[in-house]
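Pasting the structures here.
Both complexes below contain subunit A, partnered by subunit B and then by subunit C.
Let's turn to the complex of A and B:
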């Protein structure tokens, strides 16, 4: 029953997002586009964190693999869009399999630190391989064959499908396997689950989600710089997921959507925007460990009696 | 203080002769300060500020974006102070053609939100002009957003990569701050004029990113052209915010370099210099040229007591608060005094360039109004900026129409103690050349696009 409620609320939310541009300025549409991509990233991240119990502090590397893979294909190599998308996926898979193989030997904080280290390695590579990545100056002139208004709907369509797919994945035997490994890995192993394989699959699927978000992010601004590979962006991915709530796909999605609005408005009204962000996070962790979606759920339950 | 005074004076005299030779070589006086005839005409036609036809009622909104917080936060606070100063002055005179200026701003330190914040200022808050950007990466990244989506003028006041203006014609993007290339070129010319025969091996220490690489490409490229017999050592690049330069200093010492070029800036430039002095680097390095030393905040961080005697240290930058000399160019004097009054600091270059950006807006709007007799549309405004000359604290700034690059006098000066007159070390024996002598033609750059 409650599972259905999550699906319905997701569909409702996506429906609202579909009509939102009709009532929005171009600026809000831009923020919504970023919000959708952040939401997608949070959903992907949460498959690994919320559902498989592995906290990665390096997910910026997959967002960057997607964004840089696509941009290098389009701008540096002059490939067509399909080939560039293929290149981006290939790059993501290589990064995900290599770092996954090496870091999934550990869990908990050791896993988090390893992912952080690998992500910083990727960041350093992006800075150093200037001829390919543009170094600190990044890549600009990435084509976007449509206006922002239309692009929003392209992003929405892809994000909606992938968020619903995630909702479905966590209900399949595979997704239940994620959760079994999260809750008790030795018990999961004892019933015949290949724990390290389940973790790797979750890690790679999660990476692909981030990669798609990154691929869609690059044409939004038609330029990218290495800040999307820096550890602070990995932290943002963690923070927005926690803000939204880690127990549900919808929670993470909402977290990404609202993060961008909190971020830019905190900044607009005070130079201490980082403090505001930190305060919001601290309050949420203390008072609502299940995030915004947990609060909504509680309110709904209370209203229903 | 007086210990090394005499030898220093001796030095200056010798160098002075060299500088004079250099100046003669360029066919101009040592100070090419604009004479009184070129003094800025500060009050154009718009005396009767009210009742001009075709002027919108609501204020003109200008948005600025700089690093306002974090390790580079002083760039933003200095730039903001200068922008506020310019806006206060203009609003006191009744605004631009009677239209008051209002400001909004954003923090470039939120790296992921730079473009969203520019869009916010323009699309949500109605900013008609954007001023700012410290990071070259951010400036390049903003090109598609500004040129195609927002289509509002962006006046860059700090980011110095030649790629912004010299790698393609931009419609809405301008830069009023001097870029890297002419400064590095003049640095090479000075070495040729003053130290030919005295130096043989050239080393480089610069920040480990595009700006550092490009600076060395330009300086070494030009110097090689001028003095082909020099030996150029492998450049050293250091991460931003390095705290211990010890191994790099040893490396330079052991390399036998006698000329050291550097594009280190801000805190890095100060830290390196102090450690180099402490470790006796200047026993072997005879000439040190730092393209970014002419920044008052960097000099303050170095401190008078750390300026050694008997070393040829040259610094440059995009503005030096004592040039044009205050006695012949009152605009600079007033600016320095007002800024000092407002902030307690001598203005660093970001202050002068952001200040002149606001006046460029004013001058362009007035210029367009004269021909259109109405408030200019964006395209009219852009056209009016092209070829405009704006009096600024650094002297008149000419905005070259082809590449939208602001041009003004380029300088290098010799480092000396400021005391007792100034609380910070200063640059003296200035070598100044007009832009025509060192700025490449539009779209010509030694940096690969």
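Let's turn to the complex of A and C:
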């Protein structure tokens, strides 16, 4: 696939998502919105993983920082929406800078384990600080400013801009710097890149993507529970990115959508939907080792000859 | 504070640490030798819990003899499952991207959770009581089962230590921890030892489930919390080290049990603070060696 083809397929996909609600029930629109947010999360995660080569096992903490920051502002502190968004961003930046500064002393497995430790620490605090976070029960009664149908388009507009922004970022000198650090950090350093700064920038941008997804998720659901901070959610972020394909922005985005798509259909089909989801993921390991986008690329290449 | 309460809590902590050790020694072994982060290790622990429950409660009735049979059944079923998973599912992935191992072991959690639900139903499966009697300590009771578990945990630690230091197979496996290529060049059949190691690691998780189930009850998804605590254990002790898993389990066990008593807000948080501090100060853990990814 040529470079531009990725942009065209992204635009096509977003176009399809723009008309999809016209043919969907309320229930499906809700799930599509979740799909968009998972796609956004995967794109953000992939800036750090696919493009910078750092596997975080704690990205649920940024989704949670966004979701809890906004909800605490709106419900607990009675702030207006703009102030609450500000609070959520502030919280995300504090968490991202602190954990990033510390975790990025290492790479590979030690980095993954540090991010896991910090994310679980935050999960433990969410569970225990009941007065602020609601503990196990979470936060209820988060207001949504508009109906579901309109909210879908708000989410779509934000997600589309951020996904296209990510497509652009990886083509700027900054994004090329991510990839240089990923491919060979000592060579990147020798040509004058500040490797730790490049990694931290990637980490923080990635965290902000997750945070925005979390902020949009809280009003959609009207309630949040600590599941979104648990390690399994961090794992799901990793998994959906991998099934989409880590080599491209579009791949990760498709991964989020596919993950929700499989989920919905498996749930409709049987109460044992986890089994179906697990089997499909296991099959993808062998059939699509480079993700679904890898298969699409192969097919396109073959058709073109 | 009442001294008998401290004694009882110390037994609680030792019991908890023993279970953690059984799980995390297997996890550490698998990571050390194969560099596989086995996310499904907690799910294997869950299967072990259900197998012992079935043998003891559903089939034979609660006594020590059936407990031992239950453990053996858990070891065989889960160890066998581990070998099947390694031979059929993991082997084709060696030398490929680590992503695929993560994806596969995560898929296994989803699959095993639902298979357990299909066979045993979604409800919790609890033991009516612990096997054996209790010893009074001041105003409190220490179940003999706690003492049994602690002795079992330490015995397994000693057996594993002897296995890795005294037997040829154990030494071969340790050689592979440093480098499978070199081990292979020295004439060690690494392929078969991979299967054996994964099976042994899985069997330890199965035994852990069997030992834990009388107190913790069996439920689908019971592995997801314990797996992340096991990661904390092996990071603290040092990935790939059995001694490290033992020390890590004691640290996590004691800090959790005593935090519940002293400062409950930090019950779980402290574990992850210790984990992060160790990673920052001594990333190889207290007893570990450096783990580089193999490509």
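Going forward, the second predicted complex is superposed on the first by the 297 of 305 C-alpha atoms of A that agree within 3 Å, B and C clash if a C-alpha of one lies under 4 Å from a C-alpha of the other, contacts with A are read in each partner's own complex, and residues count from 1 in each chain.
In this text, a contact is a pair of C-beta atoms (placed from the backbone, for glycine too) under 8 Å apart; a residue touches a chain by one contact, two chains touch by 3 or more.
This is a predicted model, so every value here is computed, not measured.
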item: Simultaneous placement of subunit C and subunit B on subunit A, clash or fit; value: clash
item: Subunit B versus subunit C as contact partner of A:232, first or second or both or neither; value: both
item: Subunit B versus subunit C as contact partner of A:150, first or second or both or neither; value: neither
item: Subunit B versus subunit C as contact partner of A:138, first or second or both or neither; value: first
item: Partner chain(s) touched by A:127 [first = subunit B, second = subunit C, both, neither]; value: both
item: Contacts of A:263 with subunit B and subunit C, given as first, second, both or neither; value: first
item: Which superposed partner A:194 touches (first subunit B, second subunit C, both, neither); value: neither
item: First, second, both or neither for A:274, with subunit B first and subunit C second; value: both
item: Subunit B versus subunit C as contact partner of A:80, first or second or both or neither; value: neither
item: Subunit B region in steric overlap with subunit C, selected from 274-282, 346-354 or 400-408; value: 274-282
item: Subunit B and subunit C contact sites that coincide on subunit A, given as residue numbers; value: 127, 230, 232, 273-274
item: Touching residues (chain side subunit A, partner subunit C) in the complex; value: 102, 105-106, 108-110, 112-114, 116-118, 120-121, 123-125, 127-129, 230-232, 235, 238-239, 242-243, 246, 272-275, 277-279, 281-282, 284-286, 289
item: In the complex with subunit B, residue positions of subunit A that touch it; value: 25-28, 30-31, 34, 127, 130, 135-138, 140-142, 148, 221-228, 230, 232-233, 236, 260, 263-264, 267-268, 271, 273-274
item: Complex contacts: residues of subunit C adjacent to subunit A; value: 37, 39, 89, 92-93, 96-97, 99-100, 102-104, 106-111, 113-115, 117-118, 224, 228, 231-232, 235, 239, 264-269, 271-273, 275-276, 279-280, 283, 291-293
item: Residues of subunit B that touch subunit A when the two form their complex; value: 68-69, 106-107, 110-113, 115-117, 119-120, 122-124, 136-138, 140-145, 148-149, 161, 163, 209-210, 213
